[in-house]
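Note that chain A is present in both complexes that follow, paired respectively with chain B and with chain C.
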Partner chain A sequence: MTGFDRHLQTFGALILAALWVLPLAYAIWTAIHPAAYEAHFVLNAPLTTDNFVKAWNAAPFARYFLNTFVLVTAILAAQFILCTLAAYAFARYRFPGRGFLFFLVLLQLLVMPDILIVENYRMIHSLGLVDTITAIGLPYAASGFGIFLIRQTFLTIPTELDDAARIEGAGPLTILWRVYVPLARPTYLAYGLVSVSHHWNNFLWPLIVTNSVETRPVTVGLSIFSTIDAGVEWSVINAATLMTSGPLLIGFLLFQRQFVQSFMRAGIK
Partner chain B sequence: MSRRHWIQAWLLLLPAMVFLIAFTHVPAVTTIWNSFFSTPRGRRPSVFVGLDNYERLVADPVFWKVLGNNLWFALGTIPISILLAIVMALFVNRQFRARGLVRMAYFTPTVLPLIAVANIWLFFYTPGFGLIDQILGWLGFGQTNLLGSPDTALPALMAVTIWKEAGFFMIFYLAALQSIPPSLTEAARIEGAGSWRIFWQITFPLMMPTTLFVSVNAVINSFRMVDHIFILTGGGPDNASSLLLYYIYETSFRYWDTSYGATLTVVMIALLCLIAIGQVFFLDRKVHYK
Partner chain C sequence: MLAFSLKSVAASAAIALASALPAGAVDLQFYFPVAVGGGAANTIQSLTDEYLAAHPDVKIDAIYSGSYQDTITKVITAARGGNAPQLSVALSVDMFTLIEEDMIVPFDDYLTSDEDKAWLAGFYPAFMENSQTGGKTWGIPFQRSTPVLYWNKQAFAEAGLDPETPPATWEEMVEMGQKLTKKDANGNVTQWGVRIPTSGFPYWLFQGLTTQNDVIVANNEGNKTNFDDPKVVEALQYLVDLSGKYGVMEPGIVEWGATPKAFFEGQTAMMWTTTGNLTNVRTNAPFDFGVAMLPAGKRRGAPTGGGNFYLFKGTSDAQMRAAVDFIQWITAPTQSAKWTMATGYVAPRPETWETDTMKAYAAEFPPVLVARDQLEFAVAELSTYENQRVTQIFNDALAAAITGQKDAATALKDAQAQAEAILKTYR
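Right, the complex of A and B next:
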């Protein structure tokens, strides 16, 4: 590649990057400046945290955050446990029905609970769980994707390790916990990041099954806050928007490499 | 040994399978079942109506409209997202000083909630004082109403989707690029091939499995991603920007016509299965999963 080519590519990369951060940068600009500077870009515009304070006080965001936090943690814990057990069975056991059951697992990669909102609502309703955090999480407690991903990792672990542990007198659950789980740590990290960001961002299903402040996650809270728009200023809505994405965004900036590698690992397997 | 072995395996699978079957397979089957019944209303219970819901579906102009929208949405977002993803991956696959920052800029939209993304973009699109109108105003053009006119509402949603997805697809291409042995491109260069030719004759064909994988994911996503519609257009004007899943939501949870909602969901499941069959035929021949 010639030097000119190289510079041209770098230039192109920078232009595209600038274009790509523009929407977010603009949101940040309006959120940290008084409303008068919404479309008035001067370097000496005064900074303010008023918009965040106003947004925080205008809606029960503290509660929304708590709900999301509980939801995301519970889903992650359930997925780790259920998917690990199932993945171990698929990776290390031969039993009747294995192929069919694995097919059922893979089917969930395609027909996800996300699109089965009508019947899942009926199910949640008949369980009497409408408007609970449990209801938001239940359909995602077992994940076909998680089982598949963890199984793929377990398959790469040499069976000699099992045999060695078995000679020592370890049962299957001990082997799973002591040998398999520690060796699959990078996969758990990858899957964890993907799962947390997916459920932090999830909107449609929580919108359907929740209808009170005590259960709503931040995404639903934000949508209500920004569509009521009884004269709420743009800058305040933007502050709320940034606030709700804030924890993920900060986590991403701090662990950028892990995030990118996790999404890559989760996608390619 | 073997009987105990089987029981162990089934016990390990039991908890996960209960949840999977209860919230994916059972609802998928009852969706089909319920599409043959009427929606219970007040005192009138649900009754078997045969294919009535499907007859209604075929005659429903809104259904055809949203199905067409979904098709345009997929055609409008997927090729552009993939093209941009490849360009981005090529950009950040070389060493240069701001590389980390640039990669971060491309990828950041991926971690934002779609609801938040929609809020951010609303500022661009709002008639009068949105950023697009402000810029057009300075240039001497009149007001626009991108989200409010039937011709531009769907493209406006597409732009948001492309912005959100391109960086996500980029990382798969980045992985693909890094797995191509440098000796191949070096050999081509020694033979006198230019960058353009190397890309089309070596890099792009070698990334074909990635392209197919990303395409399938993108198609599935185009059926699933509807959150931004809630904020930006509400499906309007006159369903110009409504997609299938959004229509299912409206039918089932705004008008509480759950049987018709189930019928629409059957179409969704059928489409996804078609994609899966297509994937088996086209993708699995070229990609070997380990």
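Right, the complex of A and C next:
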């Protein structure tokens, strides 16, 4: 009975895995074969790299990759610093208005970022930052989700460690840096993954707030292939998609074990 | 004291900035969407560069703004944020939305000389229908298209039909479609007769049918629809019957994006789609194909589609004049011919078709002329106030009838009632 159960589970898992991998497999298939084989799955179909070349030349992707890389790194750095400090304050300090302020932070989780686009734009414009990478990242620097997540992790850390550090003569920032941050590492890793993949894939806000090749991320380059008036060239689109999501996929495969573990430890499902 | 010195610093900085620019220099931002492949964005960029080289006193920043949908979002956001571009290409059907948002200015104020007026009269009237309302011109046609019928000559020959004669009427399309529909031994269809895509924005191609049935779905003021007219019902019934009663089209919602592919792979012998696909079909169809006007019902007919130039509020007179000058330049025959050959869009001015380049192109590839000739029978694409909502209501009604949830008459009657509720405040 248990043996049967286990086989059933394995079988179920395999089916789910196959379903999950199917779109990716199709993307790879169409990307490395000529357009004529988009729906003809024959083993001896000729291989080609033309689709990638075509996709790469359709937009200044080298610059876009650099922009995206700068963008996600800057956002992540800003989020880590701001969220850590805010989370530490919410977790370990008592001050007037703490409950209300934390409520405001949580409220941010409930608001769809898209409905704030006009307000954000107005703000960015009044700061004179339109068409800069800073403008893309700024609205996301203070992340309610990050503050909440890191605060919850900090709360699980025993205050005895605090006290011990204080006896050793450590100040508040030293305690944060030497005690809290190291113990919350899995949370940082998990949150970092979510943040990087979200901002890597973000499209609408960057498109609206930027105007030039020097500031635009890869997703804007990718959008040049959504040409509904002229029919869809799946092979080139898929080549471009693989190319732009490639760094994320490779990163995930390399650090897969750490990611999965950190998710389990951080309790994000 | 501090405030004073700050002010004087700012003032001197402003003077320094102003003096750094050449006298009379004009800065323009120009948003453009791209809806066809083949490097359309590069073509616009190189045309703009060409203009700049000839006009050193103007600076135009041509900004690619995604799809049409993205563009309208970007334009409206920027305008509300106090940073509207001076000119933008956006869907011709967005005219009423932009007027209602009070974001655009009519071209009439800047086209005052007789020469300018003659220029304005030089566009195909079918394209101007979506560009003018209330006696004013709000848009200048640029990347405009219209749907046509593509047919597979090889499939026609195999079915015993004359490969050079496409269907000219609704009846012929059904008759030919029935001969062209092929089934395998199990009774599964391997090749359909015709394919009229109905996903996403079915109203557009459906407007072909309504026009052919001699009825207009919305008035020119954009505040009254005509969805429940018996002739509209009749047109919808014909569309439903194509896959029901006549069995010449795949039942259910037919995907827009997959249609050219289905045509190339012989899953359908005819398709209705935009002229914007012409270059794509020419490159990828593995057989001889023909392009024809949509078949006639009571008359010939088709909607127009695509994007217009708009002028945005909040900028100086000098900028507006420079923007209008740029638009006049880019729609002039030489530039327009380049644009048409690069994309497949229909050149919006008859004079463009008289240039030697276009004549040579048409001689080599006659199908490009079909869309132009069809303009004589074309009408404005459905466009009303609250366009997104009204169009969505219409699309939903069409989808309900196509999938058989409602009969054609009920679906359209419900849609008309909903559209009325929205539009009656605009009369």
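Note that in this section the second predicted complex is superposed on the first by the 217 of 269 C-alpha atoms of A that agree within 3 Å, B and C clash if a C-alpha of one lies under 4 Å from a C-alpha of the other, contacts with A are read in each partner's own complex, and residues count from 1 in each chain.
Just so we're on the same page, a contact is a pair of C-beta atoms (placed from the backbone, for glycine too) under 8 Å apart; a residue touches a chain by one contact, two chains touch by 3 or more.
Since we're looking at a predicted model, the values are computed, not measured.
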Query raised in the report: Should A:Leu248 be classified as contacting the first partner (chain B), the second (chain C), both, or neither?
Result: first
Query raised in the report: Does chain B (first) or chain C (second) touch A:Gln152, or do both, or does neither?
Result: first
Query raised in the report: A:Ala58 contacts which: chain B (first), chain C (second), both, neither?
Result: second
Requested in this report: Pick one for A:Val260: touches chain B only (first), chain C only (second), both, or neither.
Outcome: first
Query raised in the report: Just chain B (first), just chain C (second), both, or neither: which does A:Glu233 touch?
Result: second
Query - Residue contacts on chain A - larger count, chain B or chain C - result: B
Report task. Tell me which partner A:Thr73 touches in the superposition: chain B (first), chain C (second), both or neither. Result -> neither
Requested in this report: Kindly classify A:Ile208 by the partners it touches after superposition: chain B alone (first), chain C alone (second), both, or neither?
Outcome: both
Requested in this report: Check the residue A:Thr49 against both partner chains and state whether it touches chain B (first), chain C (second), both, or neither.
Outcome: neither
Query raised in the report: In the superposed arrangement, which partner chain does A:Ile115 touch: chain B (first), chain C (second), both, or neither?
Result: first
Query raised in the report: Which residues form the common part of the chain A surface touched by chain B and by chain C?
Result: 38-39, 117-118, 121-122, 204, 207-208, 223, 226-227, 234
Requested in this report: Would you mind writing out the residues of chain C in touch with chain A in their complex?
Outcome: 29, 34-41, 61, 63-67, 70, 73-74, 77-78, 80-83, 145, 200, 256-261, 265, 273-274, 276-277, 279-281, 284, 286, 306, 344
Report summary line: chain A residues touching chain C in their complex are 35-36, 38-39, 58-59, 117-118, 121-122, 124-125, 130, 204, 207-208, 211-212, 220, 223-234
Report task. Could you please specify the touching residues of chain B with respect to chain A in the complex? Result -> 5-6, 8-10, 12-13, 15-28, 30-31, 34, 84, 87-88, 90-92, 94, 96, 98, 100-117, 119-124, 129, 131, 134, 163, 167-168, 171-172, 174-175, 195, 213, 217, 220, 223-224, 226-227, 230-231, 245, 248-249, 252-253, 258, 261-262, 265, 268-269, 272-273, 275-276, 289-290
Report summary line: The answer for chain A against chain B in the complex is residues 1, 5-6, 9-10, 12-14, 16-18, 20-21, 23-24, 26-27, 30, 38-39, 81-83, 85-86, 88-90, 93-96, 98, 101, 104-105, 107-108, 110-123, 138-142, 144, 147, 152, 172, 197, 200-201, 203-204, 207-208, 218-219, 222-223, 226-227, 234, 237-238, 241-242, 244-245, 248-249, 252-253, 256, 259-260, 263-264, 267-269
